[in-house]
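First chain A sits with chain B, and in the next complex the same chain sits with chain C.
Presenting the complex of A and B:
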């Protein structure tokens, strides 16, 4: 058995840590490239959302590299993510691949357990008692590594905007993520993480006051830099601190619905958006709007809304955010992402957007 | 009282029945469905939403200046299966855009929540909505809900071996603008058509259930409807050909097309099948060309 999983930001470190600690053989998905996207595009159609195309491409590449078991993150309705496993399985089988599949449920409830029981039953046969025994430690190790990665990325997002040389921050971040990835155990992971954080914090500063924006939108697009055209890094280089609305750990906690704090926060955000949306549209739609409204109230300089072309919940969020921007006279930048051949367009849009935010901040613009 | 309900929504069976029920209880309601050609409203930008959704919003905005009340049900689930997220947001998107058009002059939007599993639930929703309309807007009405419901359409039992089957969303099959006139073009060739809306959902649901994998149930109602219709026309009663009408950027159909194409490839001797993606283009020449080519294939099949 060789397990593989999709690329989603630094999630591969989490998955890799679990597989390594539990002693399960794995195949790391190749970094998402134009070729990955093209595989997905070739096997689907124009209205299929970009995450499906990329994930499909990731799986094809991993199966070519020797993987035979796919582990996929699931989700509930009404978003298309809940149907990804059904459709991707069909496409891969039509392409002639032989594989096994396990979906990690988006919501941890009895129904999710029962639904995955059949799939898990087949895979359980191939795991030894030693694998099972090491699994709790593996989960904790993976979780800790993921938290360190996210913390490091958050610190990098702040320091990139204020650094004299933002490239230096990118370089330390890459090394830091690599050190966390290769760390052997929880203690060495903490040591690698804290060293990287320290190194990023000690870079020379430019002295310029940074702008601050929130990046909201569809989870996969927000978290995966290869999908969102590295908007976070590009804005950072323009002197903008980007705060993401979604992190992998947050989505797991939201899905698990065990943390009261997270549930309270979820309820509060849904209340915040009642003036615009009377009902939960699904996926992150209401949260995208709520987090934008919250950012406006908290004095942020802007909101960047990223989502894949034709995403059903987020197209509604975009329509609402257009009204929100109008009502609050606040700059909200919608970035609809599909093909990757538009880096210059993204750069031009971001530069213009940053100019607007700076002028507003300096009182030179309405 | 003039109440606006976008024509695209009336194509959905449950919403049409909702309207019929309300008309029985409140005879004072004068329904207005079609947008005025004279009274053009600015186009709703609609981001990259699907064409039917944009058209629904545009029709609603057009109607808003001609009616006392807009009736836009929030269709969350019908027959116990989910509708797409756009239907959840539709009333809110319409309200937001009405406010944006004219802040001083707003028309109330009534959006009863439709989570319907059966007839009984719809009846109680009709009563509840009628009560709200009577008390809130001073309308006269009765409490009697016993209006006659038409018997299930049995038209589909006719011979379809020389007909072209059309499958897709009901509003796409019935709205000439949304389907780029495809059914009309077929009629011009003296061809009879049968559409998935003529088949009872019960039957379509039963067929699509056979493709519910253990954990992967098709949770969208339109998905079950289209998949069921495809299976009906390929496995149960075979027409001369199948045309699937797809709305550009429809999320459900984007995935369903992949599944249907895969099923089609596995079939032995299936009827000819074609997908037409309908979008906002106004010219029909490209649709005519494709239909002509498709009919040539069908003729080739029948000669063989």
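Presenting the complex of A and C:
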């Protein structure tokens, strides 16, 4: 058995840590490249969203590298009618690949449990008692590593916007993530993490006051820089601190529905959009709107709404957000992401948006 | 070129279809010259033509500062050596506000993209730009005029001569073209078809680009498509507002860039645009195999020597972190 998983920002560090600690063989997905995207585009319907194409490409590359078991995060309706993960599975079978499939439910309910139970039946036989025994430690190690990665990314987002040389922050971040990834055990992971955070915090500052925006939208697009065309980094280089609406750990906590605090937070967010949305549109739509409203109320300088072209829930959110923008007299930047060759256009829009934010804040943009 | 004062500011807008240059007198910021040429897929050559025209004046003017804009702004800035690089949205706003102080809405339709900019107190407050769809931009009009065998410049007049525009689907250029051919084949006169095209283009713009944005008067129309009177008429009919066409519509972006060049304070780089006339410039590309990304790195040669690299995601070439 060789397990593989999708590329999703720094999530591979989490998955890798679990597999490694529990002693399960794994294949790391190759970094997403133009080739990955081409595989996805070639094998799916043209109107399918970019995240699905890229994840499909990741899996094909991993299968070619010798993986035989795919672990995928499931999603609820109405994103691809709740069939997001299963569509990938069907396409891969059509392409002639032989593999086993395990869905980690996006939301833990009975249906998800049954599906998971069915899929895991054969897999469970291949795991040895020692794998099982090490599993709790593996989960904790993975979780800790992920929290450190996310903390590091958050610090980097702040420092990039204020650094004299943002490139320096990028390179320390890359090194830091690598150090956390290769750290052996929880204690050395913590030391690698805190060392990297310290290194990033100590870069030379530009002295310019940064702007602050929140990036809302479709989960994969918000989290994976290869899908959102590095919006977070691009904005950072323009002097903007980007806060994401989704971090991987956050999504797990939301899906698991165990933390009271997270549940309360979600409920409170939904209250904010009562005037705009009366029921749950599905996926992250309501929360995209809610987080935008919250950011406006909390005095952020901007809201960037990223979503893949043809994404149904977020297209709805975009329409609502434009009404929100009018009501609050607050410009919200929608970024519809589709293809790589849009980079130039994205730069233009981000730069213009930064000019507008500067003008609103300081009365000048130079 | 007419008489040019000795010190000037210039703005260069390298767009997808055309390259524009505006020359401002450094003392009174009056526009003394403007250039509007086709990029023809080669910004290097079009930029060189612009530089040649500028250098043709005697005595050769001194450029106090230069700024670039448009989709080719980074390349142009590299070639003329300036650090004042600005997106089209901001430069168009600067030009519009200078032309019409009280402007509230700017409609801009260029070669490859169309934008709407909402202005308040002399600065952009909100904007939208076409994203995944190119329907309703100048290059489509261009393409259709050459298919119909007419000049794109005459399209507006022909459209105005129609009282009964044919319904043309405007959602997508491919369907619009199919629809136009169909209308042609059943014998609908050309002026009605062209007027119908203008109508559907404006409808598409208002539905997709300007969706959710409140259009308030005064409205100023910029970009190359503003030359088309049929489009202007449609905008007036469909929005119900008087649609002013900027006197500098074609070069508005370059004008804004030139104004920006005059505003930037501090140390400025030495203008090296005239060197383009003497040197032999060439661009090629190679695929970097250092990682999985496989970037097509672009390389600028001057007299056979590579002087600049870009388009590498990691910056290994462009920042010169490694020996090439």
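By definition in this document, the second predicted complex is superposed on the first by the 361 of 366 C-alpha atoms of A that agree within 3 Å, B and C clash if a C-alpha of one lies under 4 Å from a C-alpha of the other, contacts with A are read in each partner's own complex, and residues count from 1 in each chain.
Assume a residue touches a chain if its C-beta (ideal position, glycine included) is under 8 Å from a C-beta of that chain, and two chains touch if they have at least 3 such contacts.
Quick caveat: nothing in here was measured; it's all calculated off a predicted structure.
**Student:** On chain A, which partner touches more residues: chain B or chain C?
**Tutor:** The larger set of chain A residues in touch belongs to B.
**Student:** Scan A:356 for contacts with chain B and chain C and give back first, second, both or neither.
**Tutor:** In the superposed model, A:356 contacts chain C only, not chain B.
**Student:** Between chain B (first) and chain C (second), which does A:249 come into contact with in this model arrangement: first, second, both, or neither?
**Tutor:** The answer is neither, since A:249 touches no partner chain.
**Student:** Check the residue A:309 against both partner chains and state whether it touches chain B (first), chain C (second), both, or neither.
**Tutor:** Both: A:309 reaches chain B and chain C.
**Student:** Just chain B (first), just chain C (second), both, or neither: which does A:86 touch?
**Tutor:** It touches chain B, and chain C stays clear.
**Student:** In the superposed arrangement, does A:276 touch chain B (first), chain C (second), both or neither?
**Tutor:** After superposition on chain A, A:276 lies in contact with chain B alone.
**Student:** On the A-aligned overlay, A:325 touches which partner chain: chain B = first, chain C = second, or both, or neither?
**Tutor:** second
**Student:** Between chain B (first) and chain C (second), which, if any, makes contact with A:336: first, second, both or neither?
**Tutor:** Both: A:336 reaches chain B and chain C.
**Student:** Looking at the overlay, does A:34 come into contact with chain B only (first), chain C only (second), both, or neither?
**Tutor:** second
**Student:** For chain A, which residues belong to both interfaces, chain B and chain C?
**Tutor:** In the superposed arrangement, which is not itself an observed complex, chain A uses residues 309, 319, 322-323, 326, 334, 336 for both chain B and chain C.
**Student:** Which positions of chain C touch chain A when the two form their complex?
**Tutor:** Touching chain A from chain C are residues 71, 86-90, 113, 123-129, 131-132, 211-214, 263-264, 291-294, 315, 319.
**Student:** Please give the residue numbers of chain B that touch chain A in the complex, ascending.
**Tutor:** 45-50, 74, 76, 82-86, 88-89, 91-93, 96-97, 99-100, 111, 113, 213-216, 218-220, 246, 248-255, 257-259, 262, 265, 277
**Student:** Show which residues of chain A lie in contact with chain B when the two form their complex.
**Tutor:** It comes out as residues 44-49, 52, 77-80, 82-83, 85-87, 90-91, 93-94, 103, 115-116, 118-119, 276-283, 285, 309-313, 315-316, 318-320, 322-323, 326, 334, 336.
**Student:** Touching residues of chain A toward chain C in the complex: what are they?
**Tutor:** Its residues touching chain C are 30-31, 33-35, 167, 309, 319, 322-323, 325-326, 331, 334-336, 338-339, 342, 344-345, 347-349, 351-353, 355-356, 359-360, 365-366.
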